[in-house]
Structures are given as C-alpha cells and as structure tokens.
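A, B, C and D label the chains in the order they appear, each numbered from 1.
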Amino acid sequence: MANFKGHALPGSCFLLLGLCWSVKYPLRHCWRRRQPKGRQKLPLFFNRIDLIEGALIIFLAFVGIMAEQFVPDGPHAHLYLRETQSWVKLMNWQHSTMYLFFGIWGIVKVLSMSSLPVPLGFDRLALSLAFFIEGFLFYFHVHMRPPLDTHIHSLLFVAMFGVAASTLLEVFMRGNIILELLRTSQTILQGSWFFQIGFVLYPLNGVQWDLKEHDNIMFVTMCFCWHLAVALLIVGINYCIGWCCVQRCAGRGGDIEIGMRNASSSQKALLQDSDEE
Amino acid sequence: MANFKGHALPGSCFLLLGLCWSVKYPLRHCWRRRQPKGRQKLPLFFNRIDLIEGALIIFLAFVGIMAEQFVPDGPHAHLYLRETQSWVKLMNWQHSTMYLFFGIWGIVKVLSMSSLPVPLGFDRLALSLAFFIEGFLFYFHVHMRPPLDTHIHSLLFVAMFGVAASTLLEVFMRGNIILELLRTSQTILQGSWFFQIGFVLYPLNGVQWDLKEHDNIMFVTMCFCWHLAVALLIVGINYCIGWCCVQRCAGRGGDIEIGMRNASSSQKALLQDSDEE
Amino acid sequence: MANFKGHALPGSCFLLLGLCWSVKYPLRHCWRRRQPKGRQKLPLFFNRIDLIEGALIIFLAFVGIMAEQFVPDGPHAHLYLRETQSWVKLMNWQHSTMYLFFGIWGIVKVLSMSSLPVPLGFDRLALSLAFFIEGFLFYFHVHMRPPLDTHIHSLLFVAMFGVAASTLLEVFMRGNIILELLRTSQTILQGSWFFQIGFVLYPLNGVQWDLKEHDNIMFVTMCFCWHLAVALLIVGINYCIGWCCVQRCAGRGGDIEIGMRNASSSQKALLQDSDEE
Amino acid sequence: MANFKGHALPGSCFLLLGLCWSVKYPLRHCWRRRQPKGRQKLPLFFNRIDLIEGALIIFLAFVGIMAEQFVPDGPHAHLYLRETQSWVKLMNWQHSTMYLFFGIWGIVKVLSMSSLPVPLGFDRLALSLAFFIEGFLFYFHVHMRPPLDTHIHSLLFVAMFGVAASTLLEVFMRGNIILELLRTSQTILQGSWFFQIGFVLYPLNGVQWDLKEHDNIMFVTMCFCWHLAVALLIVGINYCIGWCCVQRCAGRGGDIEIGMRNASSSQKALLQDSDEE
C-alpha cells in the first residue's frame, strides 16, 4: 500500500472518527452542564450513537482486514511460502493486525453497552491498546528508509503514543471532558497527518521532494504543529456549535428554560469560583 | 539454559500463573458484583487460593534457585574461581536472582495474609519489583547477539516492563479489576512469548531461522501482537465463564436469588448510567 | 535571530512571566489560607490580573509573530520560493509557530474567564501544549551543531519539558500551590537560561568560548543547577513577602483580625498534624 | 575525590540516612495503627526527630560544601583562572552543588516545621529535587570512561532517579507508608552501592578489576539486585522490630491495652477485608 491511496484510506478513517467525536463529546458535555443537577439521564440518542459507532468500527475493521488480505497483490491469507522459504506480504499482514485491534475495540465497545458485565473503562483500555499496537507496529515499519521518510513517520508515532497515553488516562478518569477533547484532537491530527504523509511521499503533482534535505525535515516538523493547531481549532469550533445547539434545544423547552438558565448561570459562577482555587 | 527447555520452563510457570489469575480475578469480581451491597464477605475459598498461590510461588522459586545452582553444568554455589580468575556461570546466577525476587514476592504475599501488620499493597509492590528486576537483568542479557535474537528478547522486555508498570499502579489503585486483568493478560503474554522464543531460536524441526533477515524481525513483531490478542481472548473467555459460574451458584440459592437479580440489574442500570458520564 | 538579542528577547518574556507568577500565586494562596473557612471569595483584583495577563500574552504573541515575519531579514509571510525551489527562513517560521501556541494559550485563558462554557483546566492544557510545542520544535533545532551549543540547548529542553509536565499535572490537580510554584520556578529558570545561552554563545566581551572543550560542558551543566537554585530562592523570597503583605492587609481589618489569627493558628496546627501523617 | 574514601563518604551519609528512616517510618506507622481511631496525636518525640534530622542535614551539607572547597587539592572557592584560562576543579564544584541542594532540602524541612506557612509536601519536593539534581549531575559525570566504570555509575542513576520519582509521588500521596519504605530502601541501596563502586574501582587488596570484561559488567548488574534485596531485608527487619517495640510500649499501658488490642484486631480484620477487594 505504499502509495497515496494507502495513506489516504486510514487518514480518512481517523479524520471521520475524530470529527464524529468532536461533535459527540461537546454535545454530551454541554447537555449535562445545562441540566439543573447535572444528574439527569442523557437522551437515548447518545446511547444509540455509541452503539452505531461500535458497529461501524467492527464493520470497518472487518472490511480493512479483508481488503488488506484479498486485494489483487495481497497475501490472500497465506503467511509463509514453503517453495521460496519466505514470508508473504508482511506489510499487509501488519496492517491487518492493526485493523484487528481496532476491531477488538469495537467488539468491547458494543459488549460494554450490552447487558454483559464488562468492567467500566474496559472499552477505553481496548482503544488505548489499539492505538498503542498501531504505534508499536509502525515503530518497526520505518527501518532503513531515507531521513525525511523516517522523520515524517516518527511524527506519526508522537500522535499515536500521545493518543494512546491520553486514552489510557481515561480508563481511570472516565468522562473527563478535557481528556476526551485531547483524544479527539489527536485523532484528527493523526488523520490529517496520514494525508500529509501521502502528499509528501507521493506528491499529486509528480514533483518529488528531496528526502535528504534538512530544510524539508524542518518544515515537516513545523507543519505537524500547524496540523495540531488546526485540529484544536476544529474541536474548538465544534464545541461552540455544540453549546449553541444545546442552548437552542433547551430554549424551546419554554418556561422550564428560565429556571435552568438561572441554575446554569449560578452553577457557572460556582464553577468559576472553584476555577480560581 | 540456552536451549528450548530453558525457555519452556519459565514460559510454563508464567502461563500457569496467568491462567490461574484469569480464573481467580473474574470470579472474585463477579462474585462481588452480584452481592446486594457489594460489601458482603468473600467466601473463605478466595483467601485459601491466595495462601496456596503464595506458598506455591515460594516453593517454585526455591526449586528454581536450587535447579539453576545444582544442575550438572551449574555453578554449584560457586561464584568466583580464583584459579582461573573468572566468574562461574553468571547466567545461572542471574536466573537465580530472578527467582529470588519472585520468592520475596511469595514471602510478602504469605506474610500479608498472616496476622502481621504488613502495609496494604506491599505484595503488589513486591510483585512489580520482581517483574522489574526480571526485565532489568534481561536488558543486559542480550548484548552482542544477532539482530533477531536481540529483537525477540527486547519484545519480552515490553511485556515485562508493561506488567511491572501496571502492577505498580495496583499498589495505589488496589482491587481495580481492569488493572488486574491487564496484569493477567500480560503475564499470559509473557509466558507464551517465552515459548515463542524457544520455537524461534531452537526450532523443534531443526530448520534454523535466519537470524539476520529483516522479514523475520517484522514477522516476530507482528506475532507478538497476535500473542497479546490471544491472551486477551483467553482472559475474556475466562471472564465470561466466571460470570456464568457465579450466576449458576447464586441461582441455586433459590428465593434469595430473585431479589438479587433485581438488585443486580438495577445496579447494572446504575453503572451503565455512570458509564456514559 | 542567532545573536544575543534573539536569546535575550524570549528570555525576558519568560523571566517577566515567571516573576509575575511568583508574586500572584503566593499572594492568592496566602490570602485563601488566612480566610476563616478558606472558602471566601477572592478579591476581584485577582480576576483582573488573570484577564490582564491573558490579554498581554495575546498581544505579545501577536507582536512576536509579526516581528519574526516582518523584520528586515524575515520571510515576510513567504513560505516557499518557486524560483530557488527552497523554503524561506524556516527558523523565523518556527519561532512564529512557537508564538502562535502561546497566543492560543492566551486566547483560551481569556475565553475561560468569559461567560463561555470552557471546561475547567483547559487553559492549563493549552499552556502545557505551548511549552511542549516549544520543546518539540527546539528538539529538531539543534541538529548538527558543536557539542557545547547542542548541550546548552538540550538543558533548555529539560526546563521546557519539566514545565510542560508539571503544567499538565495541574490540569488534573487544579490549584495545587506546589505545582504552581514548580511551574513558576521552572519558567524563571527557562528565562534566565535563555540569557545564559546568549552570554555563552555570543559573549558580550567578545572572547569566544571553546565550543568543544569538555570542561565547558561540565561547567554549563552545573551552572544550570545554580540557575534552578536561584529561581527557587526568588520564588521563596516572593512567597515570604506575599505572606507578610497578606498579614499586614488583614491586620488593618482590626477586631476581625483577632478571630482570624486564632482560626488561622488552629488551622495551622491542624495542617501540621496532617503534615506528619 | 577519585579514590575509595571519596565514594565511602557519600555512601555512609546515605546509609545513615536510610537506616535512620528505616527506623522512623515503621515506628510512626505502627504507632498510628495501634491507636484506637488512628487519629491520636503523635508523641512529640517524632517531631523532635524530624527537627534534628533537618538540622543535621543542613550541618552535613555545609560541612560537605566546605570540605569539597577547602581540602588541600580543592578549588578554594576559585571557579575560573584567568592566567591559564581554565576552570578550577570542576569535579569539586559539582559535588558542592549536590550538597547545596541537599542543604536546601534541610532548610525547607526545618522551615516546614516552624510556624511559617510552608505549603504541605514542599519538603518532599525539595528532597526529590536534591536526588534529581544528584542524578542529573552524575549523568554528565561518567562521559568517556571505561565500560565497567560507566556501567557501575549508571546503575547508581537507576537508584537515584528511582528514589527521586518515588519521593515526587510522596508530594501528592503524603504519608503513604509504602512510598516511604520504598524511598528508604532505595536510599540504603544508594548508600551501599557507593561502597560497592569504591570496592570495584579502587579495590582495597590492590588487585585491579578488568574494566572492559563483559563478565564483570554482568556480575555488577546482578550484584545491584542483591544490594536491593539486602536493603529490602533490612527495612523489613526494622519494620518488624518497630512493630514489636510499639506492642511492648503499649503493653505497659496496662488495662487500656486490652481495649486497644481488640480495636486493633478488629481494625486488622477490616483492613484485610478491604485488602482482598
């Protein structure tokens, strides 16, 4: 899959996932914050989204594994050829392994919403593991390549291990909105960085980059920071939109709303007070 | 001990330990969760298991140290030979040291169940230390070996330090089922990886692997992820079986059970509610 | 900006920021500790300072970006020159990126004091990110330079990552005075170390340092520790002054003060008691 | 100070400190645990010990700095010689810097027991910093030395950074007996390892070790683990002795004691119950 498409595909998956989260988490958080006591039940809608998300991930992971195995130049589920005494298309197998762990995450996510007694936080652990395994396999992926290629992939690790670490924290600090937004922006970053790798290594206009020039490495490092800034901006904007939507929806509730606004503003004052502590 | 048996031995020990834990922790967790208030005393049975586990570990560590010292080509408790001015069989001494720290863990485990005032969590610290020392000694074990040999052993570190870190967390978050299952699956991973090392370095069919080929290294990395996936699967299945057993046992309790099921399901709903927070 | 001024400028910014914090945090902490229940509202004065701080940071970051872009030998907002097929002044672009993230922090800081529902602790995350990005870009800044130059810049990382880590902790332990003072002293350290780099690499008296001598590296390492000791001393002195000021101010309150002193001293005794736990 | 004495001196200091702690912390912990509610005030005796400890440390640090500066072949407070354009005895200056930070710790310790409002946990931060600075300076100490020399010193780092990390945790988890015992045993380990370094590099019987042999490196690594095991043993024994002493002392209290023993044993049962959670 060493071409532009091979990087655009996972890139779009992560972008989609990140954008989906950047809508879901702010909405949920704002909804909770508006409730008089913050303990009211969430609309069923959020539960549905989680279920759909889980099912979609399982489906995508399955498709991914199948695609990696049965594309025309794939391994077709053969691992070792006795004739040539060599491994068959290990790259595809590695990608399948990555998809597998995202699939495990999807299964854990769906199971933990069923009536089975899955321990709380297990889905976050599975997600953290999926990101960690992705980074782990990538780490031995980039051996013996030109400097810029190695560098641009190692920046991807930073995003992968960063998101793995922040998701691991979520196991113990469940529902912390800051960690959720951090995970969201790092996932968007990861997605957009896959695209950037595609653009740099397989440029669409056909002009190859010099893979050994130090200036290119410097630019790419800086560019990574810009991607992060844009990811933060997107999350920030979606958070604002989410807040406005919740305000609107609640506004239609009419007379209840006035009490809520008061409650909400006094809560706000309270929060700000503790903010300064 | 540079042969297949030398890797199969610790491998079986860790596999056994991991499998034993993969039964114990889910059972205990499910048992607790079924209790009306979750505060009822555990059956004495669990205490017994811990005691037996501790005693068995002390015994195995003692046997391990003795075996390493007094096998025909062992050091027989000699450390330094004045005649040749050289150390005697340092490899065996290092293995003895590893067993020693697991022995310390066993002693702390047994002591902490006695009437002595051992601080809570000390047994987890001792276990974390045992894994850490194991990884620490292994780290200087693999100097100057062929690439595949070094790589396959460094993957072992990943498991060792991973389990040491997650056990260290348990000192401060005692009884967290996620950490316990994480420790369990990493211990199983470690055990099965010892077997894998044996199969790769001393193949049973006699066909040596090429220790310098990059493809072999790539396969081994991927294989490590598969071992982890299988370890997770085993823990998952045992968790399900444990849950069913607890359900059955409680089912025999008759009329009490109905109240419990209600309590349990309402508790479940409560937990799910906080799950979405 | 490879001259003395180029290091003195960020140095003074960080020094100013650190000194400002070393006054603000002790004052706020002592004020709170003197209050009978520790829950009384802070004077509006502290809120104002935070707002001014945020506005100033946005302004400085904007000025910094503009200066880096439009100094006579700057890139003037050009990133790539098609004619020469090369990047334009990447160093200035990197510095602009660093300023950008400090600007983002300023914006988050101001927003979190507005009536918008910014999650608590988000400003600390933004600050931590700004320090992290600064260290991240510096890390690829110092490639292929003489040993002393590399070493003196890597000591800067230690300060940067240290302050990024301790600020990240503040996201989860908001208002912990120890973390705030740690952040303060590391920021002062960073500021004074920028000056030290300037003095070493572009000495004012014109006598160049030997950039390859091992003794110089050893001295510089030790000097870094002295800077830290001085930074701690400054924070310590400011803490004492802050405490005295709060005592004085409260002293003017007259008859209320006596009750407070009693409360405060009994609180003190209580705290010391738990101190020994 | 590159001789046996130069390693024995800091070694004895750390050993003394560690042994003192290994008596103090178990005694304090056991005393607390025996109290009916665990909230009774500690005897003044413990406060005294802390004060004496702090004063002694300040004194030792001062003596250390003076000794390093004014020994016959010391720098006599000269840092730079203009005539030869070279630094004077940087090694001694580095050692002085290490002592300085331990001195700062002593000062913070004494201050935090005075009536000044030093934030809780600040003394642990100062101690953690002292150990960190010690490791930090050592890290650039061992450049360009023979393999065994480098290795034996890098094992010292492990102890130094380990104790720095566990002390840093104590800032946030004050009074955790496990962290205190961990710090104690690592300090003893550090002390005894200084002696080991002395014995290896400057052997008393005059027979030099081969500094390049791999076997020596392997032995030294293993030996480090044995030192740790011995340090743990010492702490364990002192803990037992402390427990017995507290039992005896309380035993003399007569009729009160019976009530206590009951309370203590029921508390014990309670603790064991939560132990299994």
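Operating definition for what follows: a contact is a pair of C-beta atoms (placed from the backbone, for glycine too) under 8 Å apart; a residue touches a chain by one contact, two chains touch by 3 or more.
Protein names from UniProt, one per chain: A, B, C, D = Transmembrane protein 45B.
This is a predicted model, so every value here is computed, not measured.
Given that subunit C and subunit D are copies and touch, would you call their interface same or different according to whether over half of its residue numbers are shared?
Under half shared, hence different.
Measuring between Cα centroids, what's the chain most distant from subunit D?
A
Centre to centre, by mean C-alpha position, how many angstrom separate subunit C and subunit D?
31
What whole-number Å value describes the gap between the mean CA coordinates of subunit A and subunit D?
Their C-alpha centroids are separated by 44 Å.
I'd like to see which chains touch which, written out pair by pair.
Every touching chain pair, ordered by label, is A-B, A-C, B-D, C-D.
Please give the residue numbers of subunit B that touch subunit A in the complex, ascending.
29-30, 33, 158, 173, 177-178, 181-182, 214-219, 221-222, 225-226, 228-229, 232, 240, 243, 268, 271-277
Subunit C touches which residues of subunit D in the complex?
Interface residues on subunit D, with respect to subunit C: 28, 32, 41-42, 46-47, 50, 86-87, 90, 93-94, 97, 100-101, 104, 112-113, 115-117, 119-122, 125, 129, 133, 136-137, 140, 143-144, 171-172, 174-175.
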